[in-house]
């Protein structure tokens, strides 16, 4: 199965050792993005993956491509357009001090300026089996919105699986209101098969109401209604729970018939950015290999928890590592 | 309000990543000191601040001054004298292993060798509104003792606020006994308005006795007596509490009428050196802007807790960050 | 004399030890820009300096400001506007391999988006004695063009010195042709007193012709004509000469009566970016202190040569260092 | 008392800051090995120590020797043989992610290729008082097996103390089965005085059975039987206990008459590799100075816990540090 | 044209900033090898390239593969076998101090232990157009010798181009004498089309004699004789010339009719390891695209000179960079 | 032959990559001093060496001792006294920019405060064969002056060789005038056998006059007179010559009968601090092994030149490396 993702490449710049920007003259730099994260993790699981994006035709674009190849992602669908890569600075938090992300000019990036005409979608879609599209594309620019919709429609028409991730960020949509964004989501959802999201996405963004009165079945009924409306085959996401200073992650997964939930796992946090993409990669692996639902969500949850323990956005876990943690959770040294 | 501090500048040398001195060939270096710490934090809160000290007239003195300016502190009252900056090495602890500080020749520093005649106190005092003096000055050398007393007296006479921090370190006073040191503290306290200290400072150093029999009011009565003796307007400090491996910080604050205490906050410790200066900066901000006592002590406590999560001595928090932690304590990622 | 500069702040990201972007995960970062460079060097010479620019109101803007203060530049005229700082990557060359600079989105920066209305020029100009404006401002955006012209005109009208640097970069002016750019330069030059430039700027950009037939006096006649046309008081620049693998730098300087040239000095190149700003700072120092022309140009040339031996764009030399190199050129170790 | 150890020197390569091998271009490198670890710790306790091993006669061998001297170990018994040092990569774990060790060609190392004829054991043994031999020597190669047995026999015959550490690693013994390995252990044990091991070593490796029915005395009876069989004077080891996410360490120690156990201490884990060697060093110190058993095991346990908080394999604690942690466990900053 | 190379992957460990191994605790690590170097450079020139080798199935093997993909080389023909990667330490020289390379166990590596049966040569050869084989394979082990000969024969029989690099290292052949090695070279040469070598390889290793008496045509006659003997289509190599402290590189290239030599270019040396591979990549590019001989050798020489200015073994130049240096050799800053 | 040196240990702090103190937050730190440098080099040549000094009894003193052991120097004569190590910052120069050394409080160091009573000279001298004393000891403090004289006298009386290095630094003797210093040198010279110095030391410091009129024999006659006055057996030093931007080093050496001079060698400068100590170590090696004078001075000169190419003060060359450079000066890569 050939899995592709459509999405931006960002440069992440991180001060070492929990330092603040003011405290250092050195930064660690990597390339990231929802598509990069999910594909890299799938490649580490042994899947064939390919990124659909545009990068500037300069030294930085070349460095980004080299980094993407290193992650195990094929680069043949990465075009060149524009002259800029969006970037962000991550000042890593510690204890009660939250991690602080500062974005630098995301909208003017090569990806942000590229509309559908900048890609050869016709040819790409023929070669892929499943394409992941991130909701950020709907928020970023007029061009990425158009490109995402074109790609989703085309893939759907050609009988390819479309995976969509709500990933709604109010901060990216201050000018376009919720009503406008809802319209965009409603346009793309009919083309989608697998969707990642949360209860809040369905109620606050799509405006669905909680009908069921019994609290324990409210959520399930809501999701069922949503899935039927848009003919969604799978819907997945995570619950985060807190208990004092302890935090837990538990994934859930619906197919058209069943609903399963993983046992919660404690989160120990080294770098939580991108951890959601680790969960998504786990779900995609299980679905693409037709695992039982419960195995899929358990694996995805363990992978999401591991993704919190890896520096940077990109989850680099292998199947062996995830299974080791699931089967021998108390081993702290492998040799 | 123009806030100044009188105090030493030290160079701090820290091995990276919890390494011991023997384990590394590289050190991170910064400039620090109680005055530097408090003023830098106040500058990050938006106050106008200025350091009163002397540095050597050489490359190291210039680097120190550049660093102080970077922290937001004005350098126009930093003179040159002598040829040495005191330094200390901090081998960062981990879990049960304590952080180990090793001082290098603090007394022979430019600051340590400077007496009152090395400063233009007359002119400085006219321009400032509040001056912070650290108790270390009374312990360090004959020269710093004389300079601190001269400055406190002058500022008091000219109607400027004097803030004093007990900061009594037995290790710096092995030759001068407690009786001698008590005399020094008694000399400076009549000139002071705001004082930072602890119950132990009042009993063991100043020799005040606990009169009140009811334990819950003993401390308050003791502080009241102390404040009245020296006409102190505000007295502040912190309680540290432990509960298993968990530690909590709670600030207290007296004005001439009221006594308030903040709700304890859990400490997660990245670097505790200088955290007390974060608390002091919070108190000074609230008092200089005439906030309600309880708001002041709550803010100062939150700031002190945040200071534990920042590498190095110097608390670099902004008002926005402190308020964010107070209002949304569970958010661990801001973007 | 209070010297200000109007100009952009850029973030420079440099791989360590001559590595290429592909070869490293770590970058050194600093803040730079023509104005930053010249002012920092003047501040290291003991002058009072202030930068006029806008930065984003976020963590990166704050880090940039802290860095600028560290360099000795006052930050009271740095406003906040927009959300982006232009950046560039410098892959340092070695021997025949040239240094490769890759810009990232310079035009959408806080500075690039700020027109005259984003600054309080009226108030600023009253407080300054000399303002430096870089030609980059005329090329960057419509907004910076307008702001630069407004500032130059205002300063000229209020009797303040205006220093202008041609700094013409064809690569920044691919859409606007030379004719358009000539017009902009012709608009600003009548307000200028001191100008930095080269023969090529006068002939190719301004379109002046070489009239004099004797080659040795061609250049001088050309400059005289230019200076008289725009009532320029000083014109300065550098000649670069090569002789095999050796390179030499020699500055020249005109006032309304005289023309002097420095003895050429050999260049040993650690980082040549920003070295021209070192020469400019030397000239501005000599003129602001009314040194003899020849002393000025000799000092500026020596400083320009030293600037090639300092990492980063920002020349950090002191008077003492420049004089040491001029007086004791063979000493390679000072202790 | 002159303490020697016979064992391999390995190079350890560790990515900084919990990064994975794929995520970094930089590694921290140190030299390690059971013998190195124990001797270095004993040297830090003030003992005279010397390592018996072979290293390649090249730049890497010289660097290894320099590092060993730095640790306080004498290098006069380090010979040269072969051309290779075994190495391992340690990708440091975090939270649920275990530390991953990857070995590189341990068996072909200078140590692995050296048999008894490569050492001047006769002379060495005369000069030492106690020699430590690690069980790894029995597993590594035919050559190290032969050398270890020769040395143990010789030392025993000359009346020197022999200390032996089971350190049985199934992964190093996949080709040789347990039966073969048992034979080797049975050969060396008659020469040994002090032994480090666990219940599993006695039952699974040596094949002793648990005779006693009462669970609380089973272990003691088993050890007594083992000690009598081989005339062992001291047997020591540790229990690790878990309680939720908390882990505890408690040492035990037998002499020919008594059995003591230390109070469990909580483990906070920075780097657990080599922590067992910290415990062993503590036991050897107490025995070599004839401390009371309980003091010995308490000290060794505290030292083992401290070893978990130090980067790298080599425990670098001093007596002062261990005693400080035992006497003032709540102090987190020493100055 | 699909270009493959058969060869070892080594790990290179380099102290930073010209430090010796004793002087640092940090190493930069990369993966290298003749095949890796040539293919990476060709990939940067835009060619499709693939490495034929074996790596261990562990974390280090995975990291090596990731690094190889980053370099632009496809990894589908990299198998897993054995458990070790050869490594070398490069202590970088400076001025008269030579660079010191220390190898660690090259022969026991996954590549060194793999014979022809460990590769699916039949399938590979069908898919490739040209395969590069390094002479090191003939020296390393019995297994690599056999694999190299098998591959060369098979490729030749299937009508694919075989490129061979003498790369004779006496230090790797201390046990096998020159006579034995000559036999191996004589076995492989009949299958080869393009060969890289020097006069010394032909005379000292193959034992050809210099027949021609006129010195200027001796070399050409020798090469012609060699090429005819083995039906070689192209023979290339470099001359290194010294003149005081200056060094020059000039490539030569023969096809069946012509002999051309490039103008010598001065070498400025940052890291000379791997520079010969840069020359080879340039020659392969020109030949694979059927450039005129003289253009090919000029490009290859310029590329070889550039390779001396890049850290590490792997030449990372692009066509654009090489051409820039050829066309504008005096430009030292591109922006 | 057991060689000892009496001298201070200093901590050297160096910014990486030619950065200035203002430009970095990281420093490389090492321990150095004339005695450390010479002994370490002799240890690398295979001699048994031991340092006579005092260090503080704290973490920094322990780290210094570990570093000294790493260098190959025995630490059994290093005592503890006082609480401070002198330090210096080296901002590395580049091209015309000189290296800038800034000292920090050298006189108050443990060594500076130690007089003869702080050492067990009686016992030490019995065990050593040759002791090196640096002229810095005569300048530093009253205490070091006294200790150096005591040690020289004692060693001389016990028939041990005394080696003395003029090393006169006017900057360390601003308060004591030349007359006072001459007296000190005159006191110690009668106890010395081997002396390192220059013509200037003999004329300006000792006040000897140039008698001989023929310039070519002036120097020789002067040295002969000096050697006879104080019964010196060997006198050695270096000439530095410049020719444009090229620099050359040539050693000279006198014994009681002959005078030899080495052929000048070009200096390529990575770090010139401590290079003179490399020359001295070479001379001491030759004399202690009774080499021919010319071999000694050639080796010492080559070693001095190599010492310029090694980072840090401490020359770490081996005999093999020096000989390689002498015999194969054009080889730039050893593998």
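The chains carry the letters A, B, C, D, E and F, assigned in the order they are written, with residues numbered from 1 in each.
We adopt the following convention: a residue touches a chain if its C-beta (ideal position, glycine included) is under 8 Å from a C-beta of that chain, and two chains touch if they have at least 3 such contacts.
Quick caveat: nothing in here was measured; it's all calculated off a predicted structure.
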Any chain in contact with chain B as well as chain D: A, C, E, F
Contact-graph separation of chain D and chain E, given in steps at minimum: 1
Selected pair, out of A-D, A-E or D-E, that shares over half of its residue contact pairs with B-D: A-D
Pair joined by more contacting C-beta pairs (D-F or A-B): A-B
Computed distance of Cα centres, chain C from chain B, in Å: 42
Whole-Å gap between the CA centroids of chain A and chain C: 45
Numbers and ranges of chain F residues touching at least 2 other chains: 16-17, 20, 22-23, 25-26, 30, 62, 66, 70, 100, 103, 269
Interfacial residue positions of chain C with respect to chain F in the complex: 16-17, 30, 70, 265-270, 305-306, 308-312, 316, 321, 324-325, 329-335
Of all residues in chain F, those that touch chain B in their complex: 13, 20-22, 25-30, 58-60, 62-63, 66, 83-85, 87, 89, 91, 100, 102-105, 108
List of chain D residues in touch with chain F within their complex: 62, 66-67, 69-72, 318
Residue ranges of chain B touching chain D (in the complex, touch as defined): 16-20, 22-23, 88, 93-101, 103, 169, 171, 242, 245, 269, 272-273
Residue numbers on chain B that touch chain E, as the complex places them: 23-26
